[in-house]
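Presented sequentially are two complexes of subunit A, the first with subunit B as partner and the second with subunit C.
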Partner chain A sequence: MLKYILKRILIVPVLLLFVAFFVFILLNLSEADPVLQMMPAEYTQVEYDAMAARFGLDKPLLVQFGNWVVNAVQGDFGISYKTKGPVSGDVLYRIPISWNLALITTLLMIVIGVPLGALCAVKQYSTFDNITNVLAKFMGSIPGFWLGLMLIQVFSIKLGWFPTFGMKGWRSWVLPVFTFLLPYLANYLRQVRSAMLDCIRQDYVRTARSKGAKESVVIYRDALRNALLPIITLTGGIFASMIGGAVMIEKVFAFPGIGYKILEGINNRDMPTILACTMILSLFTIGAQLVIDISYALVDPRIRATFAGKKKVKKLDAVKATGGGE
Partner chain B sequence: MAKTTDTKTTGTKTTGTKTTDTKTTGTKITNTKTVVRKKTKKRSQAAETWARLKTQPLAMFSLGVVVLLVLVAIFADVICPYSLAIKQVAADKLQPPGTPGHILGTDNFGRDILARIIHGARTALEIGVISAFLSVIISTFLASLCAMIGGIVDNIIMRIIDVISCIPSLVLALAICAALGNGIPQLIVALFFSGLPMHTKMIRSVALGVAKMDYIESSVALGASPGYIMLRHLFPNLTSIIIINGTAQISMNIMMGATLGFVGLGVKAPTPEWGTMLSGGLSYMMRNQYMVLVPGIVLALAALFINTFGDCLRDALDPKLKGKA
Partner chain C sequence: MKRKAWKLIAGCLVTVMIFASLAGCANKEPAQTSGDANTDAVTPEGKDAVVETVKGGEDASGGTTDVEPTGIQAGTSFRFWTNYDLPVYLPWIDNRGTALCLQVYDNLLVKYKGNSDDIRCNIAESYTISEDGLVYDFILKKDVYFTNGNQVTSKDFIATWDAVTKYQPRGVANVKSYEAKGDYELVVTLNAPSASFLYELPTQSVYGVVDHTLIEKYGMEDNRAAVGCGPYYIESYVSGEKFVLKANPNYHNPERAPHIETCEVVIIPDVNTAMLALENGEIDCMNTVNIEVYNTLVDMGWDIHIVEDRVNPFWLNVRQVDLFKDIRVREALAHMIDWQAVTDLVYDGMYPVAGSYWGDGVGSYPYSDKYTYDPQLGIKMLQDAGYKLEDIKFTILADPDFTDMEVAIVSQLNELGLVNVDTVTYDGATCYGMLKSGTYEVFPCHNGYGLESPLTPFTMGMLENGTQPVMFLKEANPEAFEKAMELYNSANTAATWDSYVDYVSQLTNLVQEEVLALGGVKVMRFFAVGSKYKGVYISPISGYMEFNHLWVDEG
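Right after this comes the complex of A and B.
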């Protein structure tokens, strides 16, 4: 088990390196010359060379990438083309903001989504289930950024309950979290429902019922517990996709997170900023995936068994052999 | 070495040559058999799917809306000329809906919103359909390679896919758009790439299951080449997941295209596009909120009905999946 976790963790830097390379090459496909873009209208060749040297842009692409990696490992993401200041100082402090936005939304999603989804599955095809389903389908199709704009229109401008944009205390979190939550919750609900439905139809649930167990115990202990596995995968996957989806919410509410910064970087054609933000968001995604894989192994004894040490497997085999002999 | 040459010769025999040999007559018989079976099966599967779809009013209604959307996109020029969608009339700025001549009003440049919505449908479908089609086709091809050849090819393809899938899809699309610039082809490339990893993973897992089937094994034993098996046995068994993934991706890409348009990375300036219309209306929200309301509602409805139809189609294609999210 420990070996499995170690293996998964050790692969992260390798993945990050390849992601960085991919994005680095991608951003360099751009035809615009970053040096030219930073120069004033009139310049001499000497000035041009000096500017290129200052940003390390006079070196071959691979050397540039190598330098970037060496610096990035030390927490230095280069110099912004726009502000001419270090990118790290402008980007790193935004991490908790984006992180909290995704985390709060995910927690709310679990707290609301799992019970509601389970209830829908238990009362399949009831009026409650049908209404929730139709609503969820509808909510899942609304573009998040548009929903955000409409909410601002109603709750901030007309009613004045919440600030329209920026970070001003807990009130500024309400609308972004709600806007972010709704489409994801809609999909989550339906997926929890289907995971739960799968479990309710299983033989062990029927067995539990025929034993005479109370219905609430059957649902709670036999069905929901087994449905947890797919639900964990779902939740992790949604959390990972939220990290990317936060970009739009941050844009609409002018929320000073990573996503807001990446759009700013794109508008300014500021490659170091785009690269840094992309890498941080990718790191989040990889981390979320890692946590899913590990928790999956922790929760499911069947998966745990496949990663058990050789001694344990032998023991298990021995038990099986004696069991079969009887 | 001898083994490989053997498979090669029998492979060519199965695909075409007609010599009076006991071996070929054997394959001939099986060939005609499969053709006959395939024909009846094919007809019945499509017909069955259609029959199942017909019983659901929701499916038929959403299909109607989708067909309407497609017709509007195709006949956009017939319904109203393109010039109307980009013509700027300073005198007609920011008219509310119901103004004579402009049913849905006008935007800040005096352009007719309805005309822009109609031509925006064409842009949206063009972007959504082409990019979804590309990513599904390419990922099916990659997934089949993984499943049929396996080993190192599978490993290399999947590791590359792993790396790409580490980048959140919207962020990847943003980065590609940032690098390539504005325009419809660039947008299609961006959406194609962002959809690729997910589809390759999903289709590969199905293809791996199909590749283990007995009929594939017997086909290999008969000496069929991997390409032949792919075309004849693997692809037909992947059709339902391809269709399901494709429809889901179309609505996702329309939404994502609008999202990119909203942040200013979409199409070039005068081209009507729903997301760009939305962001253009933001500064005028106080004076004419319909500039924001109308494209948003159209976008939400388009996504809703394509999604609903996709869900119904999936249920009809594979009743086992019914009720799943």
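Right after this comes the complex of A and C.
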């Protein structure tokens, strides 16, 4: 098991390097000349060359990439072409904000979505299930920015409960989190419902019931725990996508997260900012995948058994080789 | 089955009710306002919104009887909206930060109350200009201190200008050298006489002086060096959120001494959220060029100060469209757009039609009759030149702020039979990229026009290595280009401001006679400011609000 985890962790830097190289090449394929972008209205070739040299843009692409990697490993993501200031501090400052927004939303999604989805599956086609389904479809179809503005209208302007923007204590998080949560929750609880329905129809559930097990035990122990496997994958993916995907929420609620930063970088053709943000988002995505895989192993006894099995087989082989097994 | 149908109906009803309740909370429709920029607009509540045009140096608050306080008003605050962040706020780093930097970093000279015609000494006690117009000798005041207590000396200017040379070379493009003579004298030598140098000096935030000891200690990219001697200092900065500025109690210039104790520059990327924040009292001011936002602000009962902005002429790219090489086509097209109808339709008539590329009221304005609306004349000119109307084919590039205007223009031209004229909208950054690379066909932009540097559009748009090519005079008429370059060089080395402006005016006239653009409308900038704030001074064209003159009417 430990070997499996170590193996997965060792792949992370390789993956990151591939992502960085891909993004770097892609950005350099665009027509925009970053040096020209930073030059004043009038300039001489000498000034152009000096600017290119200052940002290391006069070197071959592979050398530029190599230098970037070496600096990035040390936490230096370069100088922004737009602001001409260091990228690292500004980008790193935004990570906890995006992380917290994604984490709170994901936790709420799990806390609300799993029991609600399971209940819908258990009470399939009931009034509760129908209403929840309709509401989920409705929530899923509302554009995030519109919902955000409407929530501000109601809860900030009319009721005065929460601030309209910015980060002014816990109240500031309520509206962004709910705006972010609702569309995700809609999809999530339908997925939980669907996974639960699949499990409920399985033979082992029927067997458990026929053996006289309590319905709550059957639902919780036999159905829900098995239904959680695909849900874990889904949750991890959603969490990773949330960190960089809250662009509209960050824009509407003036939350200085990493999603809006990457959008700014793209709008300004600011390659160092785009690269820094992409790398951080990739790290989170790959990290989330890693956590999912480990969780799988913890939740699914079959996966644990596979590793345990391998160990046993190896031990047996060793015993056989020394002749002690006879 | 029947039960299921009832459940379905109940579910739908609940959905409709939720939707209706949310929709009911949406904004009211914007009020209809008068088409005249100088008349009052009435809100549905019956409250008059003060609408006025502000010229440079005028008090836009409208309060002539109120008395400006002499010191800092304890406990007062002002929250100003901006939609972008400035991760590094040293004056030479990011030129979007001018409005903030002008408050924090003081210059040698100052445009008093935003008036370009009222340039006064600030850190400089006096200055002299050599007879050949090349050497400027500034004597500095001895009682000016940075907000960290260090005295301002000529060494600070040297360190600051070194940084400017490195980061914003355009800001010192005409400066040959600068040297300190002792602690309180700064000698600047230009490459050629420049009448605009003195006008640009107080406006460009890049000249704002920074403590040299901090630059040496922290470098040119570290916010810890961001200490100036302006009316305000930066007390705190939260990335992506806000700047908190505090009034400088030891500010050296009584004419510009701050009154409001705390000014916050609040960063809200979304304009709709900013409007809601304004309505909720979480910010005190926002500005826009968007007529829809203006209408909504009027609807909300805000006092709106209107400031003239720039004209965005529709430049014809002669390099991209062969037809544009023929002046008869350019002239004909210029007669075929009814700009008054465009502004009436799209901007409620609030954006005046420009008779020149730079708008009336500025020094370098020359009127041209090449742009009078006469569609039949335009059609005749095309036909006389041997063109069929369907031969005229081009696409107007639009950034989202101007899409409506471009759609209106294209509709007009399509109705006149130019059915192959079209428009395409891209995001601002893409448009800017296309402008810089010259890969557009027709594009509206002001190309850096400023009251202090009216020659800039020619520098950027006409010169061979200009970074925003829009004036393709060389391709359109090589002889005229020769003449234009003579005028350009004369303007660049003009000894006096009047002769400089005169050369720019002649140059503009030449370009207008060649019809390198299709005319345009003068954009207006709208400022919504809380009525308790007095002393609202906003520079026309550049649109900078000076916080230091603001004060709160506590009565």
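Note that in this section the second predicted complex is superposed on the first by the 304 of 326 C-alpha atoms of A that agree within 3 Å, B and C clash if a C-alpha of one lies under 4 Å from a C-alpha of the other, contacts with A are read in each partner's own complex, and residues count from 1 in each chain.
We adopt the following convention: contacts are C-beta pairs under 8 Å (C-beta built on N, C-alpha and C of every residue); 3 or more make two chains touch, one makes a residue touch a chain.
All values derive from a computational prediction rather than experimental measurement.
Q: Could you classify subunit B and subunit C on subunit A, in the superposed arrangement, as clash or fit?
A: After superposition on subunit A, subunit B vs subunit C: clash.
Q: With the two structures laid over each other on chain A, which partner does A:Ser210 touch: subunit B (first), subunit C (second), both, or neither?
A: Neither subunit B nor subunit C is touched by A:Ser210.
Q: Report for A:Ile243: first if it touches subunit B alone, second if subunit C alone, otherwise both or neither.
A: After superposing on A, A:Ile243 lies in contact with subunit B but is clear of subunit C.
Q: Return first, second, both or neither, reflecting whether A:Gln153 touches subunit B, subunit C, both chains, or no partner chain.
A: both
Q: Which of the two partners, first being subunit B and second being subunit C, lies in contact with A:Phe138: first, second, both, or neither?
A: Both: A:Phe138 reaches subunit B and subunit C.
Q: With the two complexes superposed on chain A, say which partner A:Gln191 touches: subunit B (first), subunit C (second), both, or neither.
A: first
Q: Quick one: is A:Gln74 in contact with subunit B, with subunit C, with both, or with neither? Answer first, second, both or neither.
A: neither
Q: Tell me which partner A:Lys251 touches in the superposition: subunit B (first), subunit C (second), both or neither.
A: The answer is both, since A:Lys251 touches subunit B and subunit C.
Q: Just checking: does A:Asn267 make contact with subunit B only, subunit C only, both, or neither of them? Give me first, second, both or neither.
A: both
Q: Check the residue A:Thr83 against both partner chains and state whether it touches subunit B (first), subunit C (second), both, or neither.
A: second
Q: State which residues of subunit A lie in both footprints, the one left by subunit B and the one left by subunit C.
A: Shared contact residues on subunit A (touching subunit B in one complex, subunit C in the other): 31, 138, 145, 149-150, 153, 251, 266-267, 269.
Q: Note which residues of subunit B are touching subunit A in the complex, please.
A: Subunit B reaches subunit A through residues 162-164, 166-171, 174-181, 251, 255, 258-259, 262-265, 278, 282, 285, 289, 292-293, 296, 299-301, 303-304, 307-308, 311, 323-325.
Q: Contact residues on subunit A for subunit B in the complex?
A: 15-16, 18-19, 22-23, 26-31, 124, 137-138, 140-143, 145-146, 149-150, 153, 187, 189-194, 197, 240-241, 243-245, 247-248, 251, 262-263, 265-267, 269, 274, 277-278, 281-282, 285-286, 289
Q: Contact residues on subunit A for subunit C in the complex?
A: 31-32, 36-37, 39-43, 47, 79-80, 82-86, 89-90, 93-94, 125, 127, 130-131, 133-135, 138, 145, 148-150, 152-154, 156-158, 160, 163-167, 250-257, 260-261, 264, 266-269
Q: Looking at the complex, which residues from subunit C come into contact with subunit A?
A: Residue list for subunit C touching subunit A: 4, 7-8, 10-12, 14-15, 18-19, 22, 25-27, 84-88, 93-94, 167-170, 173, 221, 238-242, 266-270, 272-274, 276-277, 279-280, 282, 427-429, 433, 436-437, 448, 456, 459-460, 463, 465-468.
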